[in-house]
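Notes follow once the structure below has been shown.
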C-alpha cells in the first residue's frame, strides 16, 4: 500500500514536471531557453515517472528494462540537446537579449532564398 | 479511458498530417512526418498491436526519416510552387468523392472493438488456438507471420530485396549532366562538398563519446529483438531495422567512408541476397523432406521442434536481408555526391 | 520419392524468385544474362507442364506450409491462370533470349547483375499473382512485380524514363493501396482473405455498404494498375522510354496480369453474390472500354514516335479485353481471355521488331526510319505480320479474338451493334496506324538522300544492316506464332472457354 | 462510445484524403512521396482498428494473460508486411527523385515538364 | 494511478507538437521533435504497465534508441546542407509564387 502511494506520488510529480517542461518549451522566448526548459524538466520528469513505474514492477525483468530505459534517456537526452545547441550556436542562432540580429538574420535569409536559394538551382537549368 | 487517449492521439495525428501537407519546407515536413509515424506507433500500441508499433517506430520513424533526409541532402529542401488553383480544385474533387465513398462505407461497419464481428469470429480464434497447440510459441503474431502466412513474409523479404536492388541499380548510373564541363563556381561548390563529405560528426566530442559507448548496446538489443521475437514483440524486420540503425549511427559519427570500410558494399550485397536465399532454402529443404513448401514441421522428428527451428531460421534470414538492404540504401544515399 | 508434379504451383514462383537472389551475386559479364535466361526458361517449362496438367483436367491446389485453406495461404492453378502463366513466362523467356545484345547497349556491364535480378523478380511477381488464391498474397506479389518493373523501366537510356517511372510508381502505389483498402473492407465484413472462402461467405453480407465500396475500390485500384482508360496516363511514357527489350516483356504481360486479377476478382468473388453487380460492372466499364478503344487508337494515329504509337495501341487493346469482360457473358469472357493471349503475342512481336529497328536506328521517330525495309527486310517482314495480327486480319492470331469479340457483341442486341461499330471503326484506325509505319518503312524516303539520318546530336552514325541474328530469329518465332495461332487457335481457345465457363459458373 | 468507435474510421478517411490530396495536387516530387506515405499509413490504421477487440490485449500469450481476450493477430501480420512494402516503395521513389534531380536539376513536376517540352 | 502521468505526457506531447509546428527556427523544430520522442518513450512505458504487459517495454527502449539516432541524422543533415541558414519560414513567405518559374 505504501508502495502504491509512493509510486502515485512519484508519477504525479513526474507528470507535473513533464507538463512544466512542455509549457516551458512552448512559452520560453528563444531557442536556448527552450532547450533549457526541455532538457532540464525532461530528465527530471523521466526519472520520477520511471521510478514510479519501477516501484510497481518490483524486482523483475521489467524493472531492469526500466532501468535501462532511464539510463538511456539520461545519457542520450542531454547529448542530443547538447549537440543541438552547439549546432545552433555554430549556425549563428543568437541567444535572445544579446543581440537583435536574429530577426534581421531571418529577413536576410528570406531574401537570399528568393533568388539563389538553398537549392543552388538557378545555375543548373 | 484508453479509447479517449486514442482519440486524442488520432486528433494530433490529423493536425500533424495537415501541417505536413501545408508546409513548403520539405525539411520541416520530414521532421513532422517523423512525429506522425510516432503518433501512429502510439496508436497501434493502444490498439493492441505491439509488433506493428515496434515496426512503425523502428522503420517509420527511424529509418524512413533518415532516408528522407538523405534524399533531401541531394535534392534541396524547398518546395517551389504552391499547387495551382485548377490543380487544387481537381484534387479536392477527386479526394472528396473518395472520402464520401469511404465515409459511406463506415455505416454498416461493425462497431469498433465488437468481439462478435466476422473478423474476430472466423479465422482469428483458430490462429490463437493452433499457435498454442501446434507451434507453441507465445507470440501469435510471429507464429502467423512466420508459419501460417510464411509465404507472404517470403514475398515481403523479396519486396525489400527488390527495393535494395532498385536503389543500387539507380545509383550505379552516372548522371549525364556530370559529363559536361563545369563552370568554375560549380566545381568550387563541389570541392567544398568533398571536404565535408564523409567525415561525419567527428568534431563533436560529446556525441562521439556517447555514441561509441552506445553502439554495442544497440547491436546487442537488436539481437535480443531478433531472437526474442517468439516470446515478445519483435522479429526479423524490427531487429534488422535496429541493427541497421546502429550501423547508421556509426556512419553518422565516424563518416560514411569508415562505416563502409567496416562493412563493405559487397558484404551488404551478400547479406541482401543471402538472407533471402536462407529463407527460401528453408522452404526448399522442407520440400526435400517430403513436406510442402515452408512446412517446418518436417524439419525435426517432433513437429513442434520443427516449427521452432523453421521460425528461428527464417527470422534470421529476414533480419539479414533487411539489415543488408537498409544499409545499402543508406550508403547509396549518403555516399552520393551532390550534382 | 517426392511428387514434383504436386509442387509445381509453388515451384512456378519460387524458381524465378530464388534465382533472382543468386543472379544478384553473379559478377562476370554475361553470366547474369545466362542465369536469368535459364531460370526464365525453367519457369516457362513449369508453366507448360501446368498447362498440360490443366488441359488433362487436373486441378492444382497447393497449401503453403500445409496449413488448411482459409488459415494458411493457398495456391491454385486453373485454365485461366495457366493461360496467364504461359503468356508471362513465355514473354519473359523470349525477350531474354532475344535481348542480350540490345540490353548490353542499354545497361552498362557492372549494372547487369542488378538488372537481371530485377527482371527475375518482376517475373516472379507476375507469375505469383495468377498462382495465388489469397487476396493479400496477391497484394504482396503485385508489389514485387511493380517495384521490379519500376527498376527495369528506369534502366532506359533516355532521362525521360525517370519522370515516367516516377509517375508509374505513384499511380501504381495508389492502385495497390486502393486494392488494399478494398481487401481490408471485405476482410472486415467476412473475416477471411482466401478467395474461395470469401466467395462463400460474402453473400451473407452482400447488400452491406462496405462490400459495395470495397468492390469499387478494388475495381478502380486494379483498373489503375491495368492502365484502363482514363487511368492509363502512366503507360505511354513508361513504355516509350524503357529499354526496348523491357518494353517487349512488359507490354506483353504486365497489364494483362492486372486485368486477369480484375476479371478474376469481379467474376469469381463479386459477380455471383452481389445483386446487380453485373449491371454496375457493365455500365461502369463498357463506356470506358469503348472510349479507350476509340480515343487511344485516335491518338496513336497521330503519334510520331514508334514506341509511343504502339504504347497507345496497347491502351486501345486493353479496351478490347475489358469490353469482352464487360459483356458479362461466356462468349464475351472467352473473347476477352483469348484476346489477352493474342494481344500479348502480337504486341510482343511488334515490340521485338521495334527492338530490331532500334539496334540500327537510335531515334525511333517515324520520319527517321523511312526506307528501313530496304536495309532490314526481315525485320520489317516480321513487323508486317505482327502488325496485321494487331489489326486482326484473317489468318493471324488477332483475327481469332476479334471474331470472338464480334460474335459476343452480336449476342447483346442493340447495344451490341454500337459495340460492333466501335470495334470496326477502331480496327480501321489500327489498320491506318500500322499502315503508316509500313508505308514509311517501305516507301518512305529520307529527307536528305537515302541514308538514315540521326537527328539526335550525340548518337552514333547508324549502320543500316539487319539486326543481330538472335534478336531477329526470336522476332520471327513470334511472327510465326502469330500465324500459327491464327490458323490453329485451339490452345488459347480451349483454355479461354474453360476459364470463362468456370468464371461464369456454367457447367462445362 | 458508439461514436468514439467510428472516430477511428473517420480519421482513416481524413488521413486518406490528406495524403491523396498531397499526391495529386503537389508539384514537388518529394512532397508527393510524403503524401503517399500518409495515404498508406491511413490504410494501416484501418486494418489495425478492425483487429482490436474491446477489453482485449495484444495476442502474445504470456504468463498472467493466458485466458484473456486477445485481439486479432491477422491484421497485425498483414500490416507488418504492408509497412515494410511501404518503406520499400518509398526508398525506391526517393532514389528515382534523386536521379531526376541529377538529370533535370529540379524536383518540381512543373519544371520537368517544361524542360521536356523544350 | 497511471492516468495522471499519462494525461500529463499526452498534453506535453501536444505542446511539443505546437512548438514543432510553430518553429520558428529549424532547431526549435528539432528540439520539439526530440522532446516529443522522449515523451513518447515515457508514454510507451506507462501504457505497457497500464495494460499490464510489462514485456512491451521493448518498444520504449527501441524508441529511445531510434530517437537518439534520428536527432543525429538531422544534425548531420543540417551540417551537410550547402548554406547553413537558420531560416525556415518559407512557409509564410511569398517566395513561392508562380512567377519564379522562368529562368
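Note that the chains are named A, B, C, D and E in the order they appear, and that numbering of residues resets to 1 at the start of each chain.
Basically, a contact is a pair of C-beta atoms (placed from the backbone, for glycine too) under 8 Å apart; a residue touches a chain by one contact, two chains touch by 3 or more.
Bear in mind that the values here come from a model prediction, so they are computed numbers and not experimental data.
Within the contact network of the assembly, the step distance from chain A to chain C comes to 2.
Of all chain pairs, the one joined by the greatest number of contacting C-beta pairs is B-D. Put simply, the chain farthest from chain C by mean CA position is A.
Separating the CA-averaged centres of chain B and chain C is a span of 31 Å.
Averaged C-alpha coordinates put the centre of chain A at 28 Å from the centre of chain D. Between chain D and chain E the centroid-to-centroid distance comes to 19 Å (mean Cα coordinates, whole Å). Centres computed as Cα averages put chain A at a distance of 9 Å from chain E. Counting partner chains per residue, chain D has residues 16, 20, 50, 57-58, 60, 62, 74-75, 78, 81, 85, 88-89, 92, 96-97, 99, 103-105, 110-111 touching two or more of them.
Annotation for chain A: residues touching 2 or more other chains are 72, 76, 79, 83, 113, 118, 120-121, 124-125. Contact with two or more other chains is made by residues 136, 140, 143, 147, 150-151, 154, 159, 181, 187-188, 193 of chain C. On chain E, the positions that touch chain D within their shared complex are 51-53, 55-56, 101. Only residues 76-78, 177, 183, 185-186, 189, 201, 204, 206-207, 210-211, 213-214 of chain B touch chain A when the two sit together in their complex. Within the complex formed with chain B, the residues of chain A that make contact are 72, 75-76, 79, 82-83, 86, 113, 117-121, 123-124. Chain B meets chain C in the complex at residues 101-102, 104-105, 107-110, 117-124, 126-127, 130, 147-152, 154-156, 158-159, 161-163, 165-166, 168-170, 172-173, 176, 269-270, 272-273, 276-277, 280, 283-284, 287-288, 290-297.
For chain D in complex with chain B, the residues that touch the partner chain are 1-2, 4-22, 24-28, 30-31, 34-35, 37-38, 41, 44-45, 48-62, 69-81, 83-85, 87-92, 94-99, 101-103, 105, 107-108, 110-111.
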